[in-house]
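Note that the chains are named A, B, C and D in the order they appear, and that numbering of residues resets to 1 at the start of each chain.
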Amino acid sequence: MKVVLAYSGGLDTTVLLTWLQEKYDAEVICYCSNVGQEEELDGLEQKALKHGAVKCYVDDVQEEFAADYIYPIMQANAIYEGTYLLGTSIARPLIAKRMIDIANAEGAEAICHGATGKGNDQVRFELTAYALKPDIKVIAPWRMPADFPFEGRSDMIKYLEEKGIPTTVSASKPYSMDRNMLHISFEGGILEDPWNEPDENMWCMTKPLSQAADTPETIEVSFEKGIPVAVNGETLSPAALLKKLNAIGCEHGVGRIDIVENRFTGMKDRGVYETPGGTILHHAHRALESICMDRETMHLRDGFIPKYAELVYNGFWFAPEREMLQAAITKSQETVTGDVRVKLFKGGVHVCGRRSPYSLYSPKLVSFDEAGGYDQSDATGFIKLNALRLRVLATMKNG
Amino acid sequence: MKVVLAYSGGLDTTVLLTWLQEKYDAEVICYCSNVGQEEELDGLEQKALKHGAVKCYVDDVQEEFAADYIYPIMQANAIYEGTYLLGTSIARPLIAKRMIDIANAEGAEAICHGATGKGNDQVRFELTAYALKPDIKVIAPWRMPADFPFEGRSDMIKYLEEKGIPTTVSASKPYSMDRNMLHISFEGGILEDPWNEPDENMWCMTKPLSQAADTPETIEVSFEKGIPVAVNGETLSPAALLKKLNAIGCEHGVGRIDIVENRFTGMKDRGVYETPGGTILHHAHRALESICMDRETMHLRDGFIPKYAELVYNGFWFAPEREMLQAAITKSQETVTGDVRVKLFKGGVHVCGRRSPYSLYSPKLVSFDEAGGYDQSDATGFIKLNALRLRVLATMKNG
Amino acid sequence: MKVVLAYSGGLDTTVLLTWLQEKYDAEVICYCSNVGQEEELDGLEQKALKHGAVKCYVDDVQEEFAADYIYPIMQANAIYEGTYLLGTSIARPLIAKRMIDIANAEGAEAICHGATGKGNDQVRFELTAYALKPDIKVIAPWRMPADFPFEGRSDMIKYLEEKGIPTTVSASKPYSMDRNMLHISFEGGILEDPWNEPDENMWCMTKPLSQAADTPETIEVSFEKGIPVAVNGETLSPAALLKKLNAIGCEHGVGRIDIVENRFTGMKDRGVYETPGGTILHHAHRALESICMDRETMHLRDGFIPKYAELVYNGFWFAPEREMLQAAITKSQETVTGDVRVKLFKGGVHVCGRRSPYSLYSPKLVSFDEAGGYDQSDATGFIKLNALRLRVLATMKNG
Amino acid sequence: MKVVLAYSGGLDTTVLLTWLQEKYDAEVICYCSNVGQEEELDGLEQKALKHGAVKCYVDDVQEEFAADYIYPIMQANAIYEGTYLLGTSIARPLIAKRMIDIANAEGAEAICHGATGKGNDQVRFELTAYALKPDIKVIAPWRMPADFPFEGRSDMIKYLEEKGIPTTVSASKPYSMDRNMLHISFEGGILEDPWNEPDENMWCMTKPLSQAADTPETIEVSFEKGIPVAVNGETLSPAALLKKLNAIGCEHGVGRIDIVENRFTGMKDRGVYETPGGTILHHAHRALESICMDRETMHLRDGFIPKYAELVYNGFWFAPEREMLQAAITKSQETVTGDVRVKLFKGGVHVCGRRSPYSLYSPKLVSFDEAGGYDQSDATGFIKLNALRLRVLATMKNG
């Protein structure tokens, strides 16, 4: 059997690499994608091969990740439960898609991942895998307690030692982390009491507010059709732009959230996230829409956001209903082109200017002093007809 | 003819008071509500009577405003176009309702207001008036250019002088303001270019970020059924609680926004708002819901928010569709009871703790280490059945 | 172990009764509800006791079924995928609720049902059971192939013969049926090709169109707050009213549908249904709403129907999101009181009259000839303001 | 001044033609579109020119009407207030668009129509006109009582006689009619009491049920991407196909409805409609979707229908929000290709078969007897995880 393994070189996936060979006598093809997690990927291939992998792909998908996954959800202003910018959720379909590409290329019949049976990531990986290759076999060892009898990190360390693969990792971690270009997440461990605040030293992609710059910084972000293309006038590639905004946002402590969210598996989970660049883009994009997007289009689209975000969160990226909504989103972004000025300070993103060649804002129309082609007396009929049904209702109620 | 006039004692409504007598030979009953606008209302009655009013009501509705208007929209997390907390919108139905109460009590056949023919407020006033008293006559002089031939403030000053009512107000204002307990708004004038940032000296209810406290402040807000009832353990009346949070928020520069919004009358308008207490409550309420509210209830309710906010913004408060939605909102808040800890700093509201006797969060369920009654292998079937339609679709597409 | 078994006395549940005793050494309490399935329930208790049940409840819940389950979904105009009136779906929560009531009363720790692992009914039963008694154990033998090794009816007949329980049922059935007061359903077997039409002799609750009455029949149905209360002026109990309409509808071949629907388990299924009385009520209720319900309330509520129907179909009756929506529905029905005249003929339900003390329809308002308090020139301003954003958009596009 | 007049040659528009010349000294260009109203259009040009028009366009837009207006709304299953297939609504934007085309070609600065100030049609005409040519002047004489002082038909007849244009029309009409290829509508007059049934002799496009064929007729309709392309295997042009179905539907009395609907202008209106071909297509299209469309796509789309239908009804065809929704609809129809068999009888449309090369229905999957790659035990985990939040909620409530 050939298996494609989602591999990071860490404790869990090193155990999986060994266990797959042992349990299934499998030829294991390791796969590691660079989604901007800022980990050392040099030497990963050698490590995988040394531990028995028949092949190891290290795959830089950063530009694809930004262009085809992150920016489309930003066009939709996707936000889960009013707060979460979907940083982890949106990476999973890309990783699973690449694993399926490799399974097809290599003739593998199965994929394996190290996500637990309680979380969302298993769902996101597997829905993508099944949607792209309906006959794929998925091996999720954490859901196979009889075959994969590990209860924690110390078990795994002992197992590797028995196989002659000594590790230097610690037997416990204070929390679990996941990082990519869009964000870093922290879950579990000491975060499990939602009444407790995390320690300042946990945070990673952003400076603590106490150390954030004492001077506000104003930047300008430019968009074309809802996609960010330049910062301060400098055109950048999708990934480079996001990284630039991450660096700027970091200095100002932008993009931290601490929430309790609802997992697709049915439980509530406390998650702490840093999304510096994404938070800047979210606010800037909405501000640009405010002058370029028609009112009714916006209100209708705003009604889609909870559903769209739920689909992304739950792992339904390669799903026809997400694609149907995306078609509407794409249509809505045709004129979302222009510049937004935002001021960053002590964790805040403050919009302070927006302009666009497609602006629908008219100072003349809105001015107290100028008519701008607007006849105020038209408002009388507008109100009268809007009130008609309310008057009929009141008349009926009053008998 | 008897007319109830929305009266503030300012330039516009002083003109209206005189003009109504002149134009209609009307008996004018002045009405001024105290919705927390923090203006001097002493002497207002005398002023109105002196200028010809037959009566003047000065009406303290602050507690009613907080309890029956502001807090219900906060239960709904109402936010217009993703940004605006509806501070002006929500005051209008209360004011109009009181004017109709007085019209009924006094036997008046008309009401009069000084809102312009371009804005939302005329709509909000009049929809409420018509919904409560379908045969009311509404006099909106700004929509009557033939009868009310004023082009600006200097015209009005001159008119009053001619009537022997000299004023000391200036002939121009840099922008228009409206304040109540929930917020202050700034529109028009020098704000009309959405690429320009307002001056620091315009702001009123919040300290500039450069002067905000250098030390974060952590406070605890307590809710019962989605309604805020205490701050830092001290139980407060609805209005007192909001004022207390306004004072705290002010120190930390909390609740400023600068947006372009879509008016119901069809144009885009730039609005700048300060909502210190309301912003704190908005974040705290969402955080409490995150542990007390069921996932599907929340997602469904989140889908209502744009429509609900649109109804409030457009003035459909006393409308059956708003009441229908409110019935659902009220139902959803039955267990939204508990405490939230938020840290305020330099314009930011950072949730850092939430607890509730009705919490649905279970550390055991979510823990990496404990089962908590959850069988991880159940996730396999869950994913398989969720994936089934995607697999059938892929199989069909693959032929 | 004590188990409450959903028992009908048919082949499947007779096998389950025996098997539960054998497999678990269980004390089995049989439960059979009368939801109007028109089967012979006399002798059922004796039969159950004879085959080893320790107790057998035969429970007439017809009035509760109509009043608390069927009519609330009719108030909502619930219709699944545009066609299905949810006849089977709505019976399941009631049956499961009663089983849990009995489990609580009898101190049983488990319930058992004979629904298959492919269908919706297992989900509906179990979601209700878990929602009402979270620690209940559910035994679903058809999902336990190792323990319950039956492949079909002939296996089961043989098993019973071995246990000394001879049956007279046939080894194969052309399709599966489920009946209650609201409808009868047919699935499976010869219906599995969706290009084939079912035979005329399959139908059960309605006369074939070829034999339906040759003369139309006009009846009058009266509602109070959206609940049907009388037919042709005769006040009837909830169940009696529905049965009366079933009898009338039968004569006219009303309420047949033949559809392919999407199951919650992920597959598409062909279902054929007869819902004579429910179909009449559905049309009559909508017609009454057309004169009693405010426009915006109706449009908003219409947007809820797909979600509401999905919740009922999927089994989320005792779920907070359904209860939240129901609160809105209940609110919307306050004035849905009045009479509707419908003509029944050859399968059709033709609304031909509606009247209500709460009617919002005004002949004067709508008349071509009368003003009715409506000033036609108001429409100009109404249109102008509604067109404003479109004109601004066109002006921008035209450059 | 040049004016394009929507002209039919009937009483009202003959008056308008004369009045426009008299009142504005206008050069009037008459416009009449053939949208399948089955009226005699021969001689219309001569008539217009004789009465003073400078030009008269008679424009056959039947194919465009079917292909670009009717079928897109059928792809969306658009239905207003659960009953109305939008037959009048969808013709208005096309007619107004053509008038604007002609205004542009002829250099006209105004358009004129004869719709009343109470109805929807004025809104539909004018929203389209303003959306396509924002500076167009609209003349709506019925909203200009001072200038257009006609109270009814006898006034108009007298006016024409005075101008030397004798007519032979009657001074009163029992109701108002509007016909096009999709439907005919009846409103007003004797229909104004919603408790009264219309006379059988009013109906026009369908045979009375008492005279409908005594033998059912089964036909097959074929679709490509949600668009009907063939009837009984015969490929037809868009308009020819609809006309063929109208003829078939007529024989069987298909497509009559009698409703009270909510106008955009705020009042309720009783409308009676015949839509024979459209009703057949509506049912056939839904039936085809039932096997070709993914479940979640369908449920999400079903949630759009009330809004989409409202937009079409209210006249927002050339509006960005309609176009955004249409983009989603188009995406959803990619695989809605196949055949549907429907049986027509005595007013009923009974779906009895559907097939598609893109069918997602799998008899194996759904079969009681076959596994079809489905493991029934997966349902256990599926239910358990779906129930988890309900169990946590119940546990909390039970304390």
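Just so we're on the same page, a residue touches a chain if its C-beta (ideal position, glycine included) is under 8 Å from a C-beta of that chain, and two chains touch if they have at least 3 such contacts.
Predicted model only: the values in this text are computed from it and were never measured.
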For subunit C placed onto subunit D, the superposition rotation in degrees, Cα atoms, nearest 5: 180
Inter-chain centre distance, subunit A versus subunit B - centres from mean C-alpha coordinates, in Å: 32
Interchain centroid distance [CA atoms averaged], subunit B/subunit C, Å: 42
Centroid distance [mean C-alpha coordinates] between subunit C and subunit A, Å: 40
Subunit D: positions in contact with at least two other chains: 262, 265-267, 294-296, 299, 307, 319-320, 360, 362, 365, 374, 377-380, 382, 385-389, 392-393
Pairwise touch network: line, ring, star, complete, or other: complete
Sites on subunit C touched by subunit D in the complex: 77, 81-83, 116-118, 122-123, 126-127, 130-134, 140, 142-145, 151-152, 176, 188-189, 192-197, 209, 216, 256-263, 265-270, 286-287, 290-291, 295, 298-299, 302-303, 306-307, 310, 318-320, 341, 343, 345-348, 350-355, 360-363, 365-369, 374, 376-380, 382-383, 386-387, 390-395, 398
Residue numbers on subunit B that touch subunit C, as the complex places them: 262, 265-267, 294, 296-297, 299-301, 307, 316, 319-321, 323-325, 327-328, 330-332, 385-389, 392
Of subunit D, residues touching subunit B in the complex: 294-296, 335, 358-360, 362, 365, 374-375, 377-382, 384-386, 388-389, 392-393, 396
